[in-house]
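We call the chains A, B and C, going by the order they appear; numbering starts again at 1 in every chain.
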Amino acid sequence: MHLAYPAVLAVLLFCTGLYGVLARRNAILVLMSVELMLNAVNLNLVAFDVWLRDTLHSGQALTLFTIAIAAAEIGIGLAIVLAVYRNRGSSDIDRLRDTAETDDAETAGSTTNAEATS
Amino acid sequence: MHSVAPSVLAAAVADHPGFLSPTGVEIAFVLVGLTTLGAAVITVTTRQLVHAALWLVVALGGLAVEYLLLTAEFIAWVQVLIYVGSIVVLLLFGLMLTRAPIGRSPDADSGNRWIALGVALASAAALVWVVVDAFRTTWIDLEGPAQGSTAVTGAFLFRNWVLPFEALSVLLLAALVGAIVLSRKHDTDTAVRRDTAVRPDTAVRPDPAVRPAPDPADRRGKEEQS
Amino acid sequence: MTTTTLAALVPLLPFLGAVAGLALGRTAPGFVRPLAILPTLTAAVIAVIVAVRQGGGRAIDAATQLTPTGAVPIDLALHLDGFAVLVAVLVGLVATCVQLYSTAYLRDDARYPSYAALVSLFTSAMLLVVYSGDLMVLLVGWEIMGICSYFLVGHYWETPEARAASLKAFLVTKLGDVPFLIGLFALAADTGSFRITKILAAVTNGGLDHPTLIALLLLAGVAGKSAQFPLHTWLPDAMAGPTPVSALIHAATMVAAGIYFVARMLPVFAASGAALTVLAVMAAVTMIGSGLAALAQDDIKRVLAYSTIGQLGYMSGALAVADRGAAVFHLISHGAFKAVLFLAAGVVIHAAGTNSLAAMSRMGGLARRIPDAYWTMTVALLALAAIPPFAGFFSKEAVLVAAEHTALGDRTVAPAAAGWTILIAGLLAAVLTAAYATRLWLLAFRGRGAELPDHGKQPLAMTSVLWILAVPTIAFGLTAGAIGDWFDGHTLTPSLTTAVLSTGVGLVGGLVTYGAWRHTTALAARTPIGAVAAHPGAEPALVEAEAMTSHTAAYGTIADAPDPADPGRLLLGPLHRHAVTGFHLDALYTAVFVRPVQGAARLVRFLDRTVVDTYVNGSGAVTRLLGTAVRRAQTGNVQTYLSALLAGSLVLAIAAVVFANVNAGS
């Protein structure tokens, strides 16, 4: 089998997951997209392992580890999303904008500047 | 199990057939791959959140079939067990716990979607170009003994990869504890008050889009009902 | 101890006293008075010893070099000739008297410690100038005197007059000091040394390439320091300082430094006939102008200030006819009697509660209340008017004799024209001097009117020094025959012609003034004038400060009073209006110098505030604008951040691949 088939499929899956991470609003959907990206990587690992016929089978071992870590990640991620939801009443990522530059900060800065100049 | 040097493989490249005369495995792989890709695309685009989780099942299952086609059967079963069996269930629970709307929700995608689409397409184009350019003629020899059977996997995993395996179990334990700590509800009302008191920004920044946090007792009651 | 060591101690002791006074002034107030008086007194005693040891013989020279200073060496050098030791005695005597006087005059002043230390520092600097054998070291003392004068004139800095006067004194003297410094460098460049002895030797051998230029540059500094026309305007205003400061700085020592410098460097000036002529004209204008101005002043201290300018004009005149013996002789006698005059004026101001002669002429019994000041001031005014046998007569005679000899061609060092100028101007000035001395005495002590509340007996420290200084005022002139050895060895005795002439014109001036006073004094009762400050228990300085402030408030100007009973007004006629303001020189300077400088300052301010600041503010505003623009990207949306991050890394990755391929292909 051509290596190009699994490799291209992995690329396309990865980019699909990328789109999901960047575009989805719900945090749980973002987590799903992350799973897609992880699986794309797994596919790559398996395909290259089979192609190289590695004695240690490091590709397959790493795939297993990745699956385990993905499980852990989804558990922690869901816990965080739940905590955020409990605090904010929402799990929409684009509404969690505490790091934004707000008008409050801007007006406060301008008033201090005005005091400094006056 | 024998290792073949890439140079030898490169020498054997000329023997295998080209893209226009695919083998049966290849046809199966492409068909399943298209299904998988389609399911994945639906997963990231559908407006119904629960459907997204279900389409994710299809995509992950398709990937399990691909693993089988690549002779990595143990990984395929693990994929089915862990991803399809547990992770998707976890995600569905998460959706329910955060009261995701059932049915079509008009705002499943954020305003960032066109930028995201551009970035994703550009990445896809670049990566496909690079990958195809690099592995156009590379051939995977699937003949010979299966490389991912349970016996083989058990052998290399517990012969060569024991220490990382154990370390991973510790990591899983830590993740378990962390998840419990994070998702645990605060027992008393004083703890809640302290929690809100140390984060006054949540109170002073009114956002009309954000629904007010439900009363802890009220929420507990509802969750018990569900 | 050798004479050299003693001489080195003379400037050093007051300096140490000043340092100690400044250091201990706040922590140990009890030591301030001893620290002020004792070093100065010791220095005066040592100066007398040095003078006796030197004895008018050959000059003593000693020099040590601390560090190499390049092409022209600078030495710590002493040059003790007859002039130096005698002037040092005068400085020591007057400084000691002034320190004694100040302990009473400023007894309650909060700034007395710094005042006393500055007076000590000033004394030290003057003694350094007197003894120094190196022009650079002399310049150090010269400039320290300038800055001390600035601080001391501004002692009452709460009053605007004192602030303006101190600034004016500093700036005007600096205006002269800049050419002075250039002149010193030119002199050193021509002769290759800053040592006075070497310079004089070089001049004698004709080693001076630009005598006129150097002499004129140096003359500018001398005119500033010694208050000669046209740089004299700071001295009358400097009377805003305390009276002892006026006595020390503006009568006996600092203004004498310029004259003393010319006397010491006379061969340099004598090498240029043009410089001597310029000096003669300068001296003549100064003598007559200051005499007229003194006749019109209302403030008793301003009268004395203008008289100081006039007497300094006599000294300049003596130098213009190249007779430094006469100049320094007059310097010493004038230092003595002018110190008496100023210190007595301080007593008078305290007792009268005003510094206005117009107000004093309307109060009776002033002479009876302060007999010490009355008698010593009478003696000193007689000396000022050059009435025999007081000191001023002999010293002024010496000047006039020298001028006469030059005019008649007996002495050929200086041009005859300079001699005639000085002789005629000196005689005219003698009339004016006698006139304003008489006017001062009549108005101050012969006033008629109500007696004012007494300030009590004057402190002993103030009255005793008057008598101490009265001794040389009376007797110093009589030694004219004996001390010729100190003054280049030539005779200082008066000649009959000039003696009769000058005494005659002096008597005429005095009598005319008396007549005018008799004529006008009847008017005094009709126009009551008087603003009097009375603080029976307070220190005298307080009264003086208040009197100065109230003078401007009461009469509108610091110099004048609208008093029809003033004999000066009658004598001067239409000239009075101009004489009061010092012939409008201040207005002229304001128009020529002050306004353009202020305009330039405004221009610079405009350029700085409007033009330069626009760029500075503009760069700030642009940065702020960019910051605001960049801040808009901070939406808080993590997905946007991540998109941008990935897009960027994608571009980088593609670029890397493309460039790798391009490089591999090439």
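Here, a residue touches a chain if its C-beta (ideal position, glycine included) is under 8 Å from a C-beta of that chain, and two chains touch if they have at least 3 such contacts.
These figures come from a predicted structure and were not determined experimentally.
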item	value
Pair with more cross-chain C-beta pairs in contact, given A-B and A-C	A-B
Remotest chain, chain C as reference, centres from CA atoms	B
Distance from the mean Cα position of chain C to that of chain B, given in whole angstrom	97
Approximate Å spacing (C-alpha centroids) for the pair chain A, chain B	10
Separation of mean Cα positions, chain C and chain A [Å, integer]	87
Residue list for chain A, restricted to those that touch at least two other chains	18, 21-23, 93-94, 98
Numbers and ranges of chain C residues touching at least 2 other chains	637, 639, 643, 646
For chain B, residues contacting two or more additional chains	110, 112, 115-116, 119, 123
Residues of chain A touching chain C in the complex	18, 21-23, 93-94, 96-101, 106
Footprint of chain A on chain B - complex, ascending	1-4, 6, 9, 16, 19, 23, 25-26, 29-30, 33, 36-37, 40-41, 43-44, 49, 52-53, 56, 59-60, 63, 66-67, 69-72, 74-75, 78-79, 82-83, 86-87, 90-91, 93-95, 97-98, 100, 107-113, 115-117, 119-121, 123-124, 127-128, 131-132, 135-136, 138-142, 147-148, 152-153, 156-157, 160-161, 164-165, 168, 171-172, 175-176, 178-183, 185, 195, 199, 201-202, 205, 207, 209-214, 219
Touching residues (chain side chain C, partner chain A) in the complex	628, 631-632, 634-639, 642-643, 646
Chain B residues touching chain C - in the complex, by the definition given at the top	110, 112, 115-116, 118-119, 122-123, 126, 130
Contact set on chain A toward chain B in their complex	1-9, 11-29, 31-33, 35-36, 39, 42-43, 46-47, 49-57, 60-61, 63-65, 67-76, 78-83, 85-95, 98
